[in-house]
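So, here come the structures, one by one.
What follows is a pair of complexes built around chain A, which joins chain B in one and chain C in the other.
Our next item is the complex of A and B:
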């Protein structure tokens, strides 16, 4: 059977910082079968039309993680993205290098920051004195213990999550979704002896800069779901050491706040998160808002059935037990 | 149509204008809203971080209230929508369900997991329909270019939210067109507003909000509209700070979703609580002939 071909207008980001004054987009038009991966299209451009096109790739099978790029505004693997649905949705395919990393040339970015953040989190097992390695054997885990890793071992370190993340984009202190998902993997590994130290360190090491926008989870080609593992880390960190900085203070403060009325006491939440000096710094903005929205500093009425909410707190928060 | 109205905390407090506009629009469209004074907060993502099981249980209690009344639950906040939907999904995990059910039993509540959670945007575009709304427009917003700002939790995680395309949604833009305005497409429309870290690192949160407003402006938006009152706090209440952080004047009117609909259906700015905004909406109202252009 003959495959049906479609016209595929492809616009590719081109930039060589050594010679070009500014980036540009080169437009190519190919005839492709709809199931053709974007990577194959790019290789065709390179072999038939422009041998100078520069990109990273290797396995072409979503395993090596080399060909992550931004395709029609979304960070993903070129080998895993067929051209057909993109053309149907957007009428063309616009290809950019990954975001949040400097461009070396065309679609190749400098990934030093990405790897550096990962390395800082010490992504290796630290010996656990409570569970010494058996002499001459590998350390085994029960199936239940392995299940706790959830999806994280599937990560191929392609960088798509790092490219999609607004916290990475706007704050150098944030280690990035992959690093934190990998950190989670060590924190729940029963063979690792540094759970506490890892949680203590990350609590003030940018963990709370995650905005739970879930863009990383959507970008991940392996469904590692980094944003959910970051959420798990936050809960584990709070259980281990309570409030240590603004993020955990705010989360715990919020939880305690709702217990009182069933709904949010907005003004009180500010006091639960900030110290007196920080409160003072908030006064001018607070007054500006209150002038238009007087409810800001009013105590809300308690909900009906507040006793039910209180009981849920008693059962599930005062003695929380293990989190499933 | 009759729905269990879940306003969420902010719309009952500092974001009261959202509640005013929601009630006005639903009245105009014949949607009956049933109030339940026993709804609690959805946890706003923060309780989920502090104690995820408590968060599911609190929301299961909310969902059970609507279930007992046999009604679908209506949210007007992307975050409430996200948290209540997430509770429905997490209750599909047997271990979570067992723990939550046991706690609910002790307060005499049962939740069978049948309450659909729907955001006002979904009700307007999927149930009422953009075309039906177009026919009700009394004052088309012709000439007004509006950048939709969806808010993360209405769309993501896509596997849990199961709504329209998370990467390329169009319902809000369809609605904006039906009102006679022109939707503006820009990258930031599906991005984060920065609100969740407003209390963690305000400078970063403001920079993110500023960046999204700049983006909408650069693509020609005269105004932005959001289905989330938390995005509204970042984009409107803190816009002065956002402007400082990106080093430029923004002056971007930010509408709550039902305010924009209400304007087109004939409500006055006062009925929709527009004077309560920190950034004046007058420049947008002038474009649609709602207030006089100053001479």
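Our next item is the complex of A and C:
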């Protein structure tokens, strides 16, 4: 099992906000077997080269969630990322702290906001009056009910998804992919009695700020697929109470809109999303678009083969979806 | 200074369960932990939690299996209590929201585990610890308590044989504080990192055990160290016993299912000490693969079963060993896994110091005796976490207020900063590496008297060298180099106790296998080892084992 060693240039973000004027990168040269995890490389640096490098780590087997960081621009677990493929692809390994969280020092970030967003969604079982927990016995759950958890029980709350998420970066209201995946876990739990309240609350609690870029799903080291669970939550929310605010109105509007002509009517989509008063606020933006891309403000013509589009819609209409 | 009724140190399953019990009893509770609760090593437990709930199974059989597994060193009254609590504990955790694996009938699934007569290990795929930790954290989150997150414990303060509280510092800015408490519960987990080859997390450094030892608490049965048979060859990452519970088998270089020679009745599912010794012997006698290891084969179970029930194991093997268990055998060797010993307690979690309690792997009740059965440790954290929390709450209700003086806090701060102020001295990580190599080489699965004496000499020397340890990092913010030093000091102290107990115990029992005394010696050694701190090293004494219904017999699997 002896592997050949390769040269591994590693550049690590260093910053102590209390004493350093600006962040810097320290460069270390190691000789490592290609399958060596980045975490092991960092521990080697700490042990042999610079014990002052600080970071979080514990289990080294991708179950405690401590060592999430940005490795060659991707948010992931250091213990689960071997150096070989990184060196092949990038020639070096650049390590930064997670994004969307303030740096405490070096690779350690302040995760208070991350945990706070999670706790805000009240992640605990609320007893279901329609299905009370049996006294002195465990409850029963059908295989179908168990399947609905999908991969959410695997979540280790490492924060990689939160670090990768542009919606978190842009909007303080967005609870983050992990929190929503956790919320989903409660919404589908047959033992939980707060399905409706959870969905109603999240409809206006940031659910629709997710822009479906799927970077969270790409980042997740445990294949929890948060973006797909966010999609499920959106579907369930709409089924529960229809389109009630911008995000869901936009989604429903989008769907109905394309059905008409087979192509998006941008101008109409604005009306489908906003009420008259809110539309006023969109006027400056509308004028700008009219000046730069006048074709977008005109009603498009129906495409050829509109009937084919309609067939697709009918298939989708017949498809049974998840309901809470 | 901070002040609470009950301070729980450690936020894994035992610590959180203790905190929940104390909060429910109406106390002002704080948890102090060097890790966020969800980062605790409890979350790494894979295989499951035992409860004799099957129709064919019985609590008595669970008790008997645990007594036999302990090689008759477990206290039978404690084991009886423990096994009776198993059913209600699992029900409670299920009601808290734990997502367990289930059978097609909708009820909790069970798998067979080593050394047990029935499939009684309830599980959540191969991440049972994580499932329990999440549910308990979620449940505890509905209560009101104070969390000192990422604080390092430096001292448990005891005056006139009564707990006063603790001294700790906030890793985020390095400030020391006294946290006065009427009751302190130590639930800081094991010290597995005393060994280099261990399944334990880097954080398992026995901080609370060492602090309790220094404060005058008795440590019990520390020489009993469990080696898990199946740790990944290079990294030492745990491959759950559940892999053999699902039907995995061990093979040597000749392709022989060698366990048939060591445990003809139950084969690969013999007790852990038995399987670890068998693997060790195979390799030692030249029947291992080149480089010294054996194979764990799962391939015959089929892709579907492996990937659904052993999902994390698949990931571990693929990510950390470059092996696909669906198509290839897994290279494994035993690794340090569990400490049967710990802070001596009774079944209420009480120690020999008033106001000091302990639970979980940091404690030794003792229910595991000389060898723990798989599936009993998760159960222990919850059963005895609750016990300790209740006892700590009750004690704090009748105890007088406590206090920690500024001088004590400043004294701690000075002692710790002496390490960062030093211009010369050895770095903690190097002392740690030497300690680990010593323990791996000389205090392993089989123990030789000369090797134990050599280990004692080396650990003694490390202890002296540690007195002038130097912490290079001088920052006050998140200085884990300082944490390295504190942890290393704790582990050297505990290594000394392990070695002393192992030298003294001239018999083989459970996980303690002396080559010069290969037999169990009930006439002389049916007793617990107790170790008390003195500046010159541990002072050993012995205490009787509690018996109820089971007479000692020879262990055959």
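Keep in mind that, in the parts below, the second predicted complex is superposed on the first by the 295 of 324 C-alpha atoms of A that agree within 3 Å, B and C clash if a C-alpha of one lies under 4 Å from a C-alpha of the other, contacts with A are read in each partner's own complex, and residues count from 1 in each chain.
The rule we apply is simple: contacts are C-beta pairs under 8 Å (C-beta built on N, C-alpha and C of every residue); 3 or more make two chains touch, one makes a residue touch a chain.
Just so it is clear, the model here is predicted, and its values are computed rather than measured.
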item: Contacts of A:137 with chain B and chain C, given as first, second, both or neither; value: second
item: Touched partner set for A:146, first chain B, second chain C, both or neither; value: second
item: First (chain B), second (chain C), both or neither touched by A:74; value: first
item: Which superposed partner A:157 touches (first chain B, second chain C, both, neither); value: second
item: First, second, both or neither for A:19, with chain B first and chain C second; value: second
item: First (chain B), second (chain C), both or neither touched by A:212; value: first
item: Which superposed partner A:59 touches (first chain B, second chain C, both, neither); value: second
item: Chain B versus chain C as contact partner of A:292, first or second or both or neither; value: first
item: Common ground on chain A, meaning residues reached by chain C in one complex and by chain B in the other; value: none
item: Partner chain B, residues of chain A touching it in the complex; value: 73-74, 89, 166-167, 170-171, 173, 208-209, 211-215, 217-218, 225, 227-228, 231, 234-235, 238, 245-248, 250-252, 254-255, 258, 262-264, 266, 269-270, 273-274, 285, 288-289, 292-293, 295-296, 298, 300, 303-305, 308-309, 311-313, 315-317, 320, 323-324
item: Complex contact set, residues of chain C against chain A; value: 35-36, 38-41, 43-44, 88, 90-91, 94-97, 99-102, 104-108, 124-125, 127, 130-131, 134-135, 138-139, 141-142, 172, 201-203, 233-235, 237-238, 291, 311-312, 315-316, 319-320, 322, 331, 427, 429-430, 433, 471-481, 484
item: Touch list for chain B against partner chain A, complex; value: 9-10, 12-16, 37-41, 43-54, 57-58, 61, 93, 95-96, 99, 103-104, 106-109, 152-153, 156-158, 166-168, 187, 191-192, 194-197, 199-201, 204, 207-208, 211, 237-238, 240-241, 275-278
item: Residues on chain A engaged by chain C in the complex (per definition of touch); value: 1, 16-19, 35, 37, 46-47, 51-52, 54-66, 80, 82, 104-106, 108, 111, 115, 119, 123-125, 133, 136-143, 146, 149, 153-154, 156-157, 185, 189, 191-192
